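Presented below are the structures under discussion, each in the form of structure tokens.
Shared chain: chain A. Partners: chain B in the first complex, chain C in the second.
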Partner chain A sequence: MEPRRTSRTVSDPKVRQVGFFTSQHHHHHHHHLPERSFSEPPLPDPFHTSTSTSSAPVTDVSPSGNLLSPVMILPSRHHSDNLHRLSHRATSPTASFSYFARAVVVRENDDSLLSPGRRGIAVKSPSSVVAASSFPKEKAGGASVEVQNDRPAKSKPLKQKTSKAERRATQEAQRAAKAAAKAFFNLLLKLAVDLYSLAEGSKTSAAVPGPVNSANTKTAKSPKSPSQKNDAVSVAAAEKKAGDRQLEKDRKKDVPHPRMQYDDQSRVEKAKRRAVVKQTEARNRVELFRHLPQYEHGTQLPDLESKFFQLDPMHPAVYKVGLQYLSGDICGGNARCIAMLQAFQETIRSYSTPPEKSLVRDLTAKISSYVSFLNECRPLSISMGNAIRFLKSTIAKLPLSMSESEAKATLQADIDRFINEKIILADNVIVKHAVTKIRDGDVLLTYGASSAVEMVLLHAHELGKQFRVVVVDSRPKLEGQLLLRRLVGRGLGCTYTHINAVSYIMHEVTRVFLGASSILSNGTVYSRVGTACVAMAAHAFGVPVLVCCEAYKFHERVQLDSICFNELGDPDAISKVHGREEINYLDGSTNSENLQLLNLTYDATPSDYVSIVITDYGMVPPTSVPVIVREYRKEHLWI
Partner chain B sequence: MDFQVVVLAGGMSKNLVPLVSKEVPTALLPVANRPVISYVLEHLEQNNLKDLIVVVEGKDAALLVGGWISSAYVDRLHVEVAAVPEDVGTAGAIRAIAHHLTAEDILVVSGDLVSDVPPGAVAAAHRRHGAVVTAMLCSAPVSGPLESGSVGGKDKIKRPGRYDIIGLDPTKQFLLYIATGGEIEKGTRIQKSILRPAGLVEIRSDLMDAHMYAFKRSVLQDVLDRKDAFQSLKQDVLPYLVRSQLHSEALPKGAPLVEENGNEKVSTQNNQAMVSRILANASTPSFHESYELGPNGSASVRRTHKCGAYIASNSKYCVRLNSIQAFMDINRDVIGEANHLSGYSFSAHNNIIHPSAELGSKTTVGPHCMLGEGSQMGDKCSVKRSVIGRHCRIGSNVKIVNSVVMNHVTIADGCSIQGSVICSNVQLQERVSLRDCQVGAGFVVTAGSEYKGESLARKEK
Partner chain C sequence: MWWRSPSFILDRQQQNDTASLNPEATSVSSPPPSMADTLQNPNPDANISAYYQTRAAHHGVLTSDWLAQAQAAVGRQPEDKLLGNDARAASAAGGAGKRFSVIDEFNSWRKQPDLAEAVAAIRALAAVIRASQATTMMELEIELKKASDSLKSWDTTSISLTAGCDLFIRYVTRTSALEYEDFNSAKCRLIERAEKFGEISYKARRIIAMLSQDFIFDGCTILVHGFSRVVLEVLKTAAQNKKLFRVFCTEGRPDRTGLRLSDELAKLDVPVKLLMDSAVAYSMDEVDMVFVGADGVVESGGIINMMGTYQVALVAHSMNKPVYVAAESYKFARLYPLDQKDMAPALHPVDFGVPIPAKVEVEKSARDYTPPQYLTLLFTDLGVLTPSVVSDELIQLYL
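Moving on to the complex of A and B:
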């Protein structure tokens, strides 16, 4: 971290000089000040920005920067400062030649409301993550995520005298950066999202302070106006400079990804050493999906099984759930989440605080280790991530004075409450809402087997509505058959077809009900692979698409494609046809270098194809998901 | 992991007379100069199972086994040796120690199992399915010497190579039928009631019940309490559980669900029902669950329990020492193919010769052989594929092939031993020729005698 900082202090023209600055920098800096004074009331005199870290304008002064040079101060990564600066940039002429893109993700929470310093400018936008590509939008200042355009590292302030060669270099760099900025836009978003969830991850897991945390908290921790001191806003700033590969590399070393990028050799090696589940990586992986974990499925289960008695610290209940994830005995978002929570309940029941340790810390660490074990068994779903966050924050909020037995009882009750309120009651509410959308004579299409949709259908049937169900299914899981069996068992009229025929069957369908693994902030529905296809077909046929999803599955992440986050299933599952041994066309060639099998588990449905999201807060358009994410978080326990 | 391990060390197996005697119970029979029970114990120890209950039939045998275990594992394992009366059977043995059993699940291992199949795998399969019992199945051993070119005894009368008849469901995870091979004479019946829901039953005769079971303790004790007549786990308890799996009396399955909530509202029970329904719907149902649901998908009162099976992979070694043939096979394998089990380090010649052993000139000890501590061999001897114990005195011109020679055996010059077991303290006088014989402890074979396929033992007083 330090070496990088040093180099930046020297080379980065953006370095703000506070105190003794030269004339051209002064001019540049000048623009900041009014803005700042607007945002930060306690600023005494805009033109005498003091060098001492205690005064208000220097909130962003990072201690390390301070150490390096008494006058050169790094640009802050603190969100509020960024917000101000970028709104300033948008207006100031200097911004016109800046191509340095910076993605900032800001997490809001209730505490931020209390901060008077921010109140003035931080307009709470409905969307917690918005990508703004144009300046005017930034100017609005309402977006909490913005792409900030900054000057490239190499370019120098215009007013500085430059030689011809330098100027040309600058121009070229700018041109390159311009092109790159556009091309990297998507990438940046992904990066921003990455870092965002990382910042969040590092915040929730108190046990592992990641380097990024330190990078961010360094600024956050630095003395600032008292109102901001407790501000838990986490900022992750992603910077990407065209041509600055070295920096990029350094960062990669510093920043542990929340979800490991599995194409990063060294990290994979490291993780492997820690891993409980022995994982042999599949050899032929599809290039585009190399960053996702994929293992030889056959080897994991026997290995984990044989280690049954060696894993002493693992609680049997957690172990059992892990095994069931690994072997595919439990799948489906709600079921996995419930199973996990129940296992945690079990562990809490049999938990006793070791001597000289505090329950809050030790139990959090324990839960973290269980979570990483479960994650090795199968990547956690977003809903599980939310549930874990809830549990950890509940543990963290236990009063210290509480006795162990009380704390345990409270936690168990809290988990029960979570299951009941967020899953069971939520489903009931969803059913109540969704049933109003079913009329007599409807033909309802559903894809896969969603527990919420199933309840809707069954309930509508119980109410005596006359409708028919089309169950669309897909290989290799064929979950639809299970749903079909249960529906037919209850006396519903059903049609069963595979997704290949969806365009045909869509003619007669009047409503499409879909389940979701998660709904993201931009309204993207993240669900079983094939959902997007069904939704698009429905859209093309003008059939309304209703997505039933409990609000605890919402997530503030933004995802534009199903590439950066996904899960790879067992490639053998698609190369072999179960029960038909005579279909063995791929026999022998599955190990061929030229063949890469891709068994994706999820896909992302753009919000354009979703008519309505039915959730426990009512029926909302997909664009309102971020509102619920925000309000929900404010209102409830999880931070 | 909430498992308790019970090692059933048995007493004196009738199958193994004359190898076993009052002094040498089955558990202490030497396999590659180590008591057979040590293989089980060390295997368990490797798998981090250090609290064991060893059940021995007969007080004297228990003393012997307990003495040996405490001397060998005093600081490594925490072993409780329990003596039960003879002839109570395996089920009776469990019944007798029932008050020691407290854990949720019990792992029952036979003390004569020589195997490297991880017991954790059985336990994990058991837990994963929430089964009542999970049995480990391994491929039935091909009995008799495998590639023993020098053994002429092809005409040996062997027991038919039929061990167990095992019915599995299509996923090979559940037991649908089990019968011991010996019981089946002409035909057997498989219940339709099991066949129908399962759809397909795979009947295998190439699998063997390895006598390593994971039992749910509550169920096992319940069955043992209710069925007084049950003697054997393998022949009574296991078939009973398998037979009754679709109309379970054993396990009040709903019991944990119907916890008394007392004054709680009805809604919580509804919620719980919903939770369990979500969980049930999400998992791929085994035929048990489908059967429980009944034909119309409505919840019914059918109660089932699961009998799991864990099939050890073919690459694993798994044999029980329950016959003389098996004894010879295991001895051969442990210093041969499956030598990782023996725990010895092999020399460059692929054999183990204790440094204190003395060999005469022109004596050759071939590969896959073992020569114990302090044994002496004369000149021009030849040892092939055999185990020779401690402190044996072997004269000149002795040929030992495919045999097991235990401790303190004296073999005079010119003897020829093929495919035989020579127990401890036996004296073979000059020019004795033994082929496929078992010589009981302390027996004296007179000079020049020739035996073939006989069992020689001292008359019990």
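Moving on to the complex of A and C:
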């Protein structure tokens, strides 16, 4: 981000201020925000407090109290400069989507307190730009006018001096303006799109939407349109933007799953229209995690079941697996991945290329639609993402001359090979390595229920090693009990405790064995929530932490926290205790606006707490994960 | 009660169960697992690691004059040796009934004080290729594997021996030359590679000495622990380059390796101060950098070295002094100790000067493991590396 940012220098001396500055200049920071990559979490950075849809008191940031929207774009007095910034925004399409939905307010001048006569322009969408210009009188005066986004009403109203009535009036006005300006806007949009397509070249056909069904594209393109309307300088900006856009596109291609930001209203709406699974979104979501999907539990299943016979495009095998994900019947990285691959195998078996279509393209599209269905049922794990990537690249590499039946056979064999080599054999190798680290008299601690760790423990027991196991578990899933049952059934000596007691039990432990959902390029272990806590405790007690993870779960992404990518579980699961009605203190208040329940599924363990990663390529330090990813991606050995 | 950590020891034990190349090796390499430690060492004194015996023997003969001679002979010595060796190997192969033994070969190379154990092993394995009567590539490879296995089981405590053997096999057999249609030309190619590898390993010390010169600045104080031929080479090169520095030598109990090093350095007119092993923390604030050698560099990037290295590194780390390790790349081993006890112990007699009552236990382990977070840089013939690169290199070599 940094070099890219500096290359597009903003010449406004006010913005470029360095060193000590007064509080008003806090605003300057805001205009950087839209450039943030979409995967960046909305950090609770003191300067950025008002950036997310958070209800953080805006007054902290702005003494004037009329910062109206989470994201501020602060143009200077000069149009060209303004344009510059807007074009910054446009260079990062995803970012602009997501930030747009949070209502982008373009204000002239930095602080209306300093220059009360200046106009503030509030932009919600291009239509409101038009609105703003159609009703200049509305904007006159010291306070800039806010356009409330159609954010969920429960996000606390921003504390500003414009009264509710005033806002309502503005909204009304804008609604009227929207209708009036619609024709004008469509024209404008078309212009903008044309200009864009000029710059974009090849992508034109895809990029030009019909004015009628442009409801979605409208919002998508919108960040640009004001800039293009501004004046002729925009051509240069557009060119620049095109270059950047290209770059952005390329970069986007590298990123395997540009996950949707679920706090982005427009995109969520769009996605919902396409969705097969009808999910009701949970209402009270914790602020930091609003970009993640969270649904009312149990709302989807009946709906899906009723659709079973109508779902034409969905293959029954995929459908079944999707339902199993949804209901939680299949969980665990490997199990989910194998189930998915087998479902795909099934679909390939019964697949026949439609006339006038090529197998390579049509099948890829089919697979993509299945994947998005599965993703709706439960967000894909990284291992599944890698497996999908493998499958797609195998399909893409099929020679065109190959006959359909041959291609199908090859694909099925490839999937079988993947399951065997990357999952089953890999686990055997891991077990073989890990067992060498278990000595007689050891006390091994494990957390949750990792299939790899279970195999290691059982194998070590079969080898006759004398050791004891401490199974640490946590609410609400209590997966450890399953593991415990299997271990005890095989005659291992076990201790069972909950994570609350981990620091108590840790001093007698000699090794900690953990599983992982994924290991990322910086060595961060992405695993069941609570793993980081266990690893940290082990580190504090000087106990080595061994992470068992198949190499197909490695990912080249880097993650520093567990906020930007995660999965939200059912919030009810933590507010209720089954079978103990007398302690369900939260019964009445789960729908309270003031109560936000957070049931995270994963967390990120920093590599500092990991002593060793045991993988199918041997025992390596966590710093070597990127080496394996790099070395084996070339030869397509890694996935 | 001791357990070997490395994953490949399991493999090796399985492989050792199959017939080995020579009868000697089979007799020693299939011991009952419970007594593996003592029985796998075919040494008269089972309490002392063979590796440290060799070292002690080397230190007995080693003088700076001898080293200088050896240095001068670097260019021609190997060829001479290899030629003579060739003849011997040929006669061994030709002589009816008498079979070529890689252990004997290795022992003859090992006698040379200047030659590291791993290089001796590499030379011995090269001789195996030469003496081989195999007619197919596969056969030759199997033969080589068996020879290296018997070498490794000769002294399981020596990390560099194990690592050298493994590396050699990788280096020699992982070559496109194997696709030669003619077996003899392929074999020639292998011998060529083997010799080249021997050369590289032999010259590694020089390369390291050159690389490390940038880090030694005028007026610096260097703390050295133990006697390492690479570190000596580094310091000697620095002295030759007219760098002004002084050296603190730890005493290096129990075999007094530090005394020997200080002796060598004094001959080079480098100011030296001897410290007790327990005075490391006391004098650390005067020290600018710590230089140590390594018996082995493990996958995590940490090192296994003479007892006390961990302690020195800990003290240096807590006082923010850099710890540099000088180690040839043939010491890179696919081991991953998790803690101090997670290695095959190399035992070592400790003389306390007074009789120790029978009830008192004595810690006899000769080496410890220093985790990578306490090391700053590793000087190797592959370049100056951070600890995490070691694993990178190992992955590229072995996988």
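A few comments on the model shown:
In this text, the second predicted complex is superposed on the first by the 379 of 639 C-alpha atoms of A that agree within 3 Å, B and C clash if a C-alpha of one lies under 4 Å from a C-alpha of the other, contacts with A are read in each partner's own complex, and residues count from 1 in each chain.
Note that in this section a contact is a pair of C-beta atoms (placed from the backbone, for glycine too) under 8 Å apart; a residue touches a chain by one contact, two chains touch by 3 or more.
Given the structure is predicted, the values throughout are model-derived calculations rather than measurements.
With chain A as the common reference for superposition, the partners chain B and chain C occupy compatible, non-clashing space.
Of the two partner chains placed by the overlay, only chain B lies in contact with A:335; chain C stays clear of it. In the superposition on chain A, contact of A:627 is made with chain C only, not with chain B. Of the two partner chains, chain C is the only one touched by A:619; chain B is not.
By the touch criterion defined above, A:327 reaches chain B but does not reach chain C.
In the superposition on chain A, contact of A:611 is made with chain C only, not with chain B.
When the two structures are aligned on the shared chain, A:319 is found in touch with chain B, with no touch to chain C. Judged by the touch definition given at the top, the superposed model places A:267 against neither chain B nor chain C.
After overlaying the two complexes on the shared chain, residue contacts for A:440 are found with chain C alone; chain B is out of touch.
Once you line the two complexes up on chain A, you'll see the smallest CA to CA distance from chain B to chain C is 19 Å. Taken together, the two complexes place no residue of chain A in contact with both chain B and chain C. Residues of chain C that touch chain A in their complex: 1, 3-7, 9-10, 299-301, 334, 336, 338-339, 342, 372, 388, 391-392, 395-396, 398-399. Residues 432-433, 435-437, 439-441, 511, 544, 546, 611-612, 617-621, 623-624, 627-628, 631 of chain A touch chain C in their complex.
Residues of chain A that touch chain B in their complex: 302, 304-312, 316, 319-320, 323-324, 327-332, 334-336, 338-339, 419-420, 423-425, 427, 449, 451, 454, 482, 485-486, 488-490. Across the complex, chain B meets chain A through its residues 1-3, 47-49, 104, 118-121, 123-125, 127-128, 268, 271, 274-275, 278-279, 281-285, 293, 295-298, 313.
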